[in-house]
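Sharing a structure below in C-alpha cells format, with a few things to ask.
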Amino acid sequence: MIRAIVRYVDERSGTAPFLKRALRYVFPDHWSFLLGEVALYAFVILVGTGIYLTLFFEPSTAQTYYTGHYLPLRGHQMSVAYRSGVDLSFKVRAGLLMRQTHHWAADVFVAAIVLHMLRIFFTGAYRKPRDLTYYIGLTMLILALLEGYLGYSIVDDLLSGMGLAIGYSVLMSIPFVGGNLAMLLWGGPFPGTSAFESRMYIAHVFLFPILIATLLGLHLFLVAARHHTQFRESRRTTEKKVVGIPTFPGQAPRSLGLFFAVAAVLFLLGGLVQINPIWLWGPYHVAQGTNGAQPDWYLGWLIGALRLVPNFDVTIGHYTLVPNPFWGGALFPLVVFMLLYLAPSLERRFTGEYGFRNVLDRPRDAPWRTALGAALFTWVFVIFFAGASDRIFVSFGVSYEAQIWAFRVLAVVAPFVALLATYRLCLALQESDRLDRIRRRAEAEARGEMPQPE
Amino acid sequence: MRRALAVLVVALALPAAAGAQPGVGVKAKTGKGLYAGYCLSCHGVDGSGVISTSHPKGVLDLRGLGPPLRGVGAQAADFYLTTGYMPLADPHDQPRHTKSPFDKQEIAALVAYVASLGKGPKVPRPQPRLGDLSQGQSLFTEHCAGCHQIVAEGGYVTNAVAPPLHQATPVQIAEAVRIGPYLMPKFPVSQISDAQLNSIIAYVQWAKHPDDPGGWSIGRIGPVPEGLVAWLIGAAALVGCCLLIGRRFQR
Amino acid sequence: MSAFRKWAIAFGVLLLGRKKRQPRVVDRPRIVPPGEPDPRAEWLVLLLLLLAAAAAVGFIVVYSFNHLAHQTQYLGLALGLALAFVAVALIVVGKRLVVTEELEEDYSLPHSTAQEELQQLVDESGDRFTRKRLLLAGGTAAAGAIGAALVVPALSLGPLFDTGALYETPWRRGVRLVDEHGKPLLLDEIERETFYTAYAQGADKELLGAPVVVVRFEPSQLHLPAARRDWAPGGVVAYSKICTHAGCAIALFRKPTFPVVEPGPALICPCHYSTFDPTRAAKVIFGPAGRPLPQLPLAVDANGVLRAAGNFSGPVGPAWSGVRSKPPRNPS
C-alpha cells in the first residue's frame, strides 16, 4: 500500500528523490536543539485554537448591554467585542477551553522562543552562515511580542484597555513624530476611532500570523539548507561532517511525540488553570482603573522600565523633546534588540573569524560571549523583575519605594557583576575541563590504550 | 481633682507606657481600664489625642501619637478593634489586620467606652442580601478597585498597602467605607447610599469565592502568576520532555 | 460455523497476528539497519494508544453535556490526556521500536562556481544596455514614486500631519460637571476626605478630556499658584482624571486620617504609581510622570451647580512633542 501512495505522489510531482533525501536528512539530536520545535508546535496550537476563536469573536466597539447569565455584569454597558469574549467563555461550549489554551499557548510560545534564543546565543549558533536565520528568529520574537499584545487587547477588558493606553503613550513619546504616529494608528486621540479595533483584529488574525508563518518557513528552510549545528562530542563531528539521527525513521516519532506533548501540556493548562478571566476585570472605560494591572509576562520588562525611570520630561523651552515613557517603553527595548541583532557582526569583528562555523561552542568555551550575554540578560531580567514590585510588596511586605531604589541601583550594577562572575565561571569551568582531560588521558595511557585525539 | 484622676489613671498605665508594647501586664476588665492600658499612651486622656511627642513632658511622659477619639463613635472603635488594627505598637506603622488581643467582651467594653467619649456613629447594620451584585460590581470598580483591585485582592497605594478583603466581614466593610481608616477615603451617605453600600458589600462577599470556571484561579490578579505558571509549569514540563527525548552531553 | 464468526475470527487474526519475518527479495542493500523486536514496548504502545482513544471519547462525552460543573476542566483533562498518551506512545516508539541510527553527512560548502555563474548570467544579460545608470535612475524614480503612491492612502488611517485634536477637550466656560448618570454635581454635596469622578455634561464619557477627579479641601489647606486662586470655590478642586504619564485613569485617592504621622493627600495612578498632590496643583511627588495633572478651573452657578470656568490648565493625557506648546481648546 505504501508503494501505491509513493508511486501516486512521485508520478504527479516527481518528488521521490527529494523525499528520499529529506527523509534521510541528518539532525544532531541534543535535547536543547528541540526548543525551537517546542515554539513551532506552540505556534501550530495557536493557529488552530485561534481559528476556532475567530468563528465566535466579534471585533466591534459598538456598545451593547450584557444580558447573559453572569450576574456581576448584568445590565452593564460594554462593547460587542467584550461581550463576545465573555460569551465565548460562558456560552460557547468548549469556548473557555479554547480561549485559555490559546492564551497559555501564547505565553508558552514566547517562553519557548526565549529559551531557544538563549540556546542559540550561548552556543554561538548565530555565527555565519546562520546569522540570517538568527535575524529572522529575532524578528519573529518581536512579532510574537506584538502579536500577543494585540491578541489580549482586542477583547477590550479593563486590564488590556489600560495596557493599550500605555502603548499609545509610549508611541506618543517618540521624539518629534510620536504624536503624529499615534494619531495615524489610532485614527485620532486615544481611545481612537472604532476602526482601531478592526485594525488590531486584522493585524492579529491575519497580517501578523502570515508574517510569522512566512518567516518561520524561511527560518526552517535555512536551518535545513545549511544543516543543523552540532556540539563537538565525538571524533566524527567536525566543521565538515554532521553526525546525527535521520528524519525518518529516527527523528519522526520523537518530533511527532514532542508535538503531542506540547499540545497536551497546553490543553491541560487550558482546561485546568484559569488565565485572563476577563469577566472579573469588566469592560474597559477610559475613566476606570484597577490596582495590580499588569501586561502579559513577555512585556513585563517594559512595565518595569516604565516604573523605574525617574520623573522627568526632556524639554527645550515649550517643545517637549522626550516625554518620560520613551526611555523605558521605547529606547530600552530598542537598545536590547539592537544589541541582539548586532551580536553576530560584532563577534565577527572582535574575533576576526569570518569563515563558516558549524560546530557549536559549549558556553564555557566562549567566555566573552557568554559573559556579555549573561550581562545583557541580567540587565533585562532585573528590570523585568522590578515590574512586579507592587505585587511583591502586597504579598511579602517589602516596601515598594525601597524596591524601586534597589532595582534602579541593581539595573546598573548587576550586569557588571554578572559579566565578571560569568567570565570567571567560564574560565574556572574550562580549567576543570582541562584537568579532566589530563586525568582521562593518564588513565587511558595507564590502561595501555592509545590516547584519543581531541 | 480631674488632674489628680488623670495622674492616677496614667500612673496605672505607666508600666504599659514605659514598655514598647501597649498593654503589657494589664489586668483591667472595664472599658476605661482597658483603654488606659492599651490606648491611652497614643490616644490621650479621654480620647483627646496625642499630636506631638514633645508636649507635654514630665510625669505623664506620653510617648505615643494618635488621633483624638472624641466623636468617632462605636462605629470606628468596633472597626479598628475587631480587625485588630488597634492596638498599634508603633504609631508610624500602617495598621494591619491582626489577631486582636481582646476577646469579645473586652472589645464590647472598649467600644462602649469610646462611644461614651462623644456623640458619634453607631455600629452599622448592613444588609448585603438586599444588595444587587451587578450594581455592586460597578460601584466597586468606580470607588474601590483602584486601591483594592477589581476582585479585592489588594494593592499598592504610595507609601501604604490597600489590603485584600478576604477576611472583611460585612459590618467591617460598611464601617470602613464610612470611616475611611488610615489612608482610605471616607465615603459619606451622599456619595454612597446605604442601599449602594449593601450592593458593594454583596460584591465583596461574592468576590471572596467567585466561580472560577477556568480552573485553578492562581490569585485572580492576572499576568504575574500566569507568567509564573507558564514558566514553572508549562515551560518546565516541555523542557523536561526535550530532556526525555533528546540526548545529553556524553562526556 | 456461522459466517459472522468466521469474519470475526479472521478480523481478530488479522489485527493480532504477528508478522513473520519474511526474507526480502535481495536486490538492494538495506537502508535502515535491522533491530531486535521489543514485544513489551509494542504492548505498551498499544495500551497507550487505547488509553488515548478512551480519553478522546471521554472528551466527546463531556462535551455532549449541556451544562456540567467544571466542564472546562474535564474537557481540558480529557483532551490533554489523550494527547499526552499519544505523546508517550510516540516517544516509546522513537526510543524502543525504531532503530536509532547515527549517520554522517557533509556540511555544504560555499558554492563559489554557482555564485560566479549567477554573477556572470546577470552581467551578460545586460550587454545590450548602454545607459545602465540613467535607466537605473529612472527605474528608481518610478519605483520610488509608485511606492510612495501606494503608501499614501495609509494617510487616511488618521491625521498624521495635524495633531491638533490632541489639544481638544469638551470643557469650556459654563459646562456643568455631572456624575456618570448625568446628574449635575452640587457644591454642597461635595464632601471632604473622599473623591469624586465627574464628566463634562453632554460629552462622550470615553474621551480622554471628559473625566475629572473632584476633591474638596479646607481652603487653608490649598496651595495653588496665584493665577489659580479662584479656581477652587469652597476649596473644591478638579483635575483631569487621565494620568499625564501613560494615560491610565487616576483611580486612587489617599486621604490621611492622622496627618501627624501619615503621608499627605494624594491622587495616584495604578499603572506606574505616579503620585500627584491635589493641594499643590497636582504636582508630581512620586512616580515617573513628567508633568502635573491639568487642573480644571471651577465656578458655582446660581443653583449651586459646579461648572467649569474655562478649559484645563494644559492638554490632558500623556505627553507628546507639543504638549507644552499650546493650551487646550474645544473641538471646532
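The letters A, B and C name the chains in turn, as written, and every chain counts its residues from 1.
The rule is short, and it goes like this: a contact is a pair of C-beta atoms (placed from the backbone, for glycine too) under 8 Å apart; a residue touches a chain by one contact, two chains touch by 3 or more.
Remember, predicted model here, so these are calculated numbers, not experimental data.
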| item | value |
| --- | --- |
| Most centrally placed chain, judged by C-alpha centres | C |
| Centroid-based (C-alpha) most distant chain relative to chain A | B |
| Which of A-C and A-B has more C-beta pairs touching across its chains | A-C |
| Separation of mean Cα positions, chain C and chain B [Å, integer] | 35 |
| Geometric centre distance via CA averages, chain C-chain A, whole Å | 14 |
| Centre-of-Cα separation between chain B and chain A, whole angstrom | 42 |
| Numbers and ranges of chain B residues touching at least 2 other chains | 142, 145-147, 155-159, 162, 213-215, 241, 245 |
| Per-residue overlap in chain C, given as positions that touch at least 2 other chains | 71-73, 76, 87, 91, 94, 180, 197, 249-252, 270, 273, 286-287 |
| Junction residues of chain A - those touching two or more other chains | 96, 100, 254, 257-258, 261, 265, 269, 271-272, 288-293, 390, 400-401 |
| Residue ranges of chain B touching chain A (in the complex, touch as defined) | 133-134, 136-138, 141-142, 145-151, 153-159, 161-162, 164, 203, 206, 210, 212-218, 220-224, 226-227, 229-231, 233-235, 237-239, 241-243, 245-251 |
| Chain A residues touching chain C - in the complex, by the definition given at the top | 24-26, 93-94, 96-97, 100-101, 162, 165-166, 168-170, 172-173, 175-176, 178-193, 199, 225-227, 236, 239-246, 249-250, 252-254, 256-261, 263-265, 267-272, 285-293, 303, 306-313, 315, 318-321, 323-325, 328-329, 356, 358, 390, 400-401 |
| Complex contacts: residues of chain C adjacent to chain A | 31-32, 63, 71-77, 79-84, 86-91, 93-94, 98-108, 110, 154-155, 157-163, 165-166, 168, 180, 197, 199, 205-208, 210-211, 241-242, 245-252, 269-274, 284, 286-291, 317-325 |
| Sites on chain C touched by chain B in the complex | 70-73, 76, 87, 91, 94, 180, 189, 191, 193-197, 249-258, 260-263, 266, 268, 270, 273, 275, 286-287 |
| Residue ranges of chain A touching chain B (in the complex, touch as defined) | 29-35, 38, 71-76, 89-90, 96, 100, 104, 107-108, 111-112, 115, 158-159, 231, 233, 254, 257-258, 261-262, 265-266, 269, 271-277, 280-282, 288-297, 300, 388, 390-391, 393-394, 397, 400-401, 436 |
